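The structure appears below as structure tokens.
By letter and in written order, the chains are A, B, C and D; residue numbering begins at 1 in each of them.
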């Protein structure tokens, strides 16, 4: 991880909302290197969205410093915005319509791409996200999950270098989740796209992230590490209003009963571990 | 299940949205008996919300019949509304504020309870859902998950007989989910409250439901049964844009490798199954 | 109340024509006055208030032909130059839905924006005297609406020659009464049959007495909305001054 | 107001020759209709005009559901007739003027998606104005949704009951404030996302 280009640095920022709610994003420095997949886990209202809004220059920190691609987003965001795709938590107002197709075309056209090129990009992303059947639909007639998908398409269409996603899986059905995960991972693998997301689905964390941050209280960042590492230290998680992933809980339970298989995070891993132990046992 | 009072009956309704999108909730009859915990699973845009809106009399079916507590909700909903608590998918506009406390008091005061009694109820539910610290906050200033919790509080405060919840877990952090599950189950056990919910979290289904409906296409209800029963038939689930719960996938994988432990849905069950098999093996 | 819901083709051409010219002239003037950044920053608020005005205007409270205007609330939030732009947009959209004609957009904009602009200044003036949001908002709305109704009557007055001409040369009964009835929807008008000439005084009496109800209603609604905004996001009310 | 979304739907989904006609031509057409309506005093001329418009209405297979929209301005015309000694000639004249203008406008909207109309206006109106138009239009849908869901919430949670008129009135007035506030918040979010997605000072659209 060392030596890679740092594209995001957040240095202990304080935000005070108009009603005096104070969110202090501090503790650890929040750093993202190019090509990393970063997740942020934390309880409701701990400040995840607040952090992301600072990265986008939508909020102005009272204290502290934010750098995105080396610039201060509150001042110079327009310079980097073409390189950043965003899906915010509240998806309704992000869709500008009138139809799904028009909405996806919005960014390419407004960034001044040629019409033909813009259409090509839009069609590619529609294909990728399986939105063909919704193309012509008016955006205000979509179901909750459909809106989320359209917003994702709008963020992906410009093939950005950095994706900022606030709870992208919320409201998606399981298959769409799986598809989204594989799209994101593919983008990361093939084009080196960096992404930062918040989520509540602990079971998915290990599939979509290299680096996991834990946040609690009002913005306190207290852990940074790989998902394996952090879920390994299971005792602390309850403080973060978190649960361990299902597999971790299963294998911890087994350990308590005297059966120590290890602590896998993925199903195939888990199967291998159990199988191995089982076969080992057979031998003697 | 037989012989119990049927509180909901939906008989093959057709709904046509203004843009001619047709949702036909048909296939199986949708029936809910008093005291049941019912879940509906299905892909994005398949018609879950549409079904719930029909139960609430918010949409008028073009064809077909809906009965809730024996009445037609499009006409006589006000007669039963005190007995029904609702959380819709889009939580933003459901909270009428201005503060969290005012919002939770809203229903009790409107149903003509005395101020003192109303306050008692509100405080009980605030306690239960851990909303103490947000009480005085303006509802427009809440985070996504906090809004969901406030809406849930507003639905639970009147201690309704029937709860209708559209994706109640979406956007909640894991601990809040767990708490909500235990609150719901407690209400069901102690007061016999019936609830109907839609959700996308397959891992939670078995914890919150006796009966599971699967919906696909545009409203087609094709399965009804206990979660165990339905997840047992895993091969069909992909048609529904569904995945099996993590444990089912794990144990199916193990079976493929020649290790048949059974197909549990809950972690404690799973631990017992593995342990038993393990010990059995030790003996000979 | 001050909305002229005239269909196209009834006011004299010179009248609605000069309405357009004046409206465009004022728009041009305002666009010189306002800073570009200020404008873009307040566009979302402008869009939302204009949308609220369109929706309000298209829901008629039938028995008194009254509809919610929200011009004063918008005027307070947006300031004089933006409210002008907003009313222009509102009238154009309403016209596109057939609510009010396309030819009268200019005149409507002048009258409606006058309401918003006056409301804006009244609100600020009264606020210096008392800091109680409800009475201040109510009074500003009431006054602004009544003044704009007078200005509307003035505009209608300008067309009298035209109506009389129509009345006598073309059909026997006149186009002027159209205006009159518009404003007094649902009221019986008995002496009407007798009159062959445009009776402007009676017209004024009816418009003003019905207008009075409208001013009261709008005043109540506006003050409730402003109270809510004052409680939640007071900074919105003074955003203009801080610039 | 539900008609707004329905008109939109018709405009986007329809495939008749009127839908395919360039928006500029259609706007010119409207200008022509209005000119006719303003200047003409002869019944036959107006009957002809209205007939043409109705014909276009059917040729373009525009749903009859939006036809009532063209009757809205008749409300006033009818009242007007009420005091005019009921001369048939005069009644017809006023009705036809009003109907023709309204039918023309509704026809335009039912066959042309709004961005196209705004875009065409963009040629002779300043871009700020067109952007404001666009924002207003989108805000209308946002507000309609907020309106609908606030109504639902009031209904489901017993906020409006004839039994308790005073409480209901208070709830309604609060809901009004809530509505505007939510609308303002939402429009700000919408604007943020426009900026995040490349909006500078003017909207670019498919028809550019």
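Points to keep in mind about this one:
By definition in this document, a contact is a pair of C-beta atoms (placed from the backbone, for glycine too) under 8 Å apart; a residue touches a chain by one contact, two chains touch by 3 or more.
Bear in mind the structure is a predicted one, so any value in this text is a computation, not a measurement.
The greater number of contacting C-beta pairs, out of the two interfaces C-D and A-D, is seen for C-D. Here the spacing of subunit C and subunit D, counted between their Cα centres, is 19 Å.
Subunit A and subunit C, compared by their mean Cα positions, are separated by 49 Å. In terms of their C-alpha centroids, the spacing between subunit B and subunit D amounts to 39 Å.
Residue numbers of subunit C whose C-beta contacts span two or more other chains: 228, 232-233.
Touching two or more other chains at once are residues 18-19, 90, 92, 98, 138, 140 of subunit B. Subunit D has residues 5, 9, 13, 138, 142, 144-145, 174, 177-178, 181, 186-187, 190 in contact with two or more other chains. Taken as a contact graph, the chains fit none of the simple arrangements: neither line, ring, star nor complete graph.
All chain pairs that count as touching, in label order, are A-B, A-D, B-C, B-D, C-D. Listed in rising order, the residues of subunit C touching subunit B in the complex are 228, 231-232. The touching residues of subunit D, counted against subunit A in their complex, run 5, 8-9, 12-13, 113-115, 138, 141-142, 144-145, 186-187, 189-190, 192-200, 203-206, 208.
Of all residues in subunit D, only 2, 5-6, 9, 13, 145-146, 149-150, 152-159, 161, 163-164, 167, 171, 174-175, 177-178, 181-182, 185 touch subunit B in the complex they form. Within the complex, the subunit B residues that touch subunit A are 17-19, 21, 42-45, 49, 89-90, 92, 134, 137-138, 141-146, 148-149, 167, 170-178, 200-203, 238, 241-243, 245-247, 249-250, 253-254, 257, 259, 267-268, 270-271, 274-275, 278, 281. Every residue of subunit D that touches subunit C in the complex is listed here, in rising order: 1, 3-4, 30, 34, 37-38, 41, 69-70, 72-73, 76-77, 79-80, 82-85, 87, 89-90, 93-94, 97-98, 101-102, 105-106, 108-109, 117, 126, 128-129, 131-140, 142-144, 147, 173-174, 176-178, 180-181, 183-184, 186-188, 190-191, 201.
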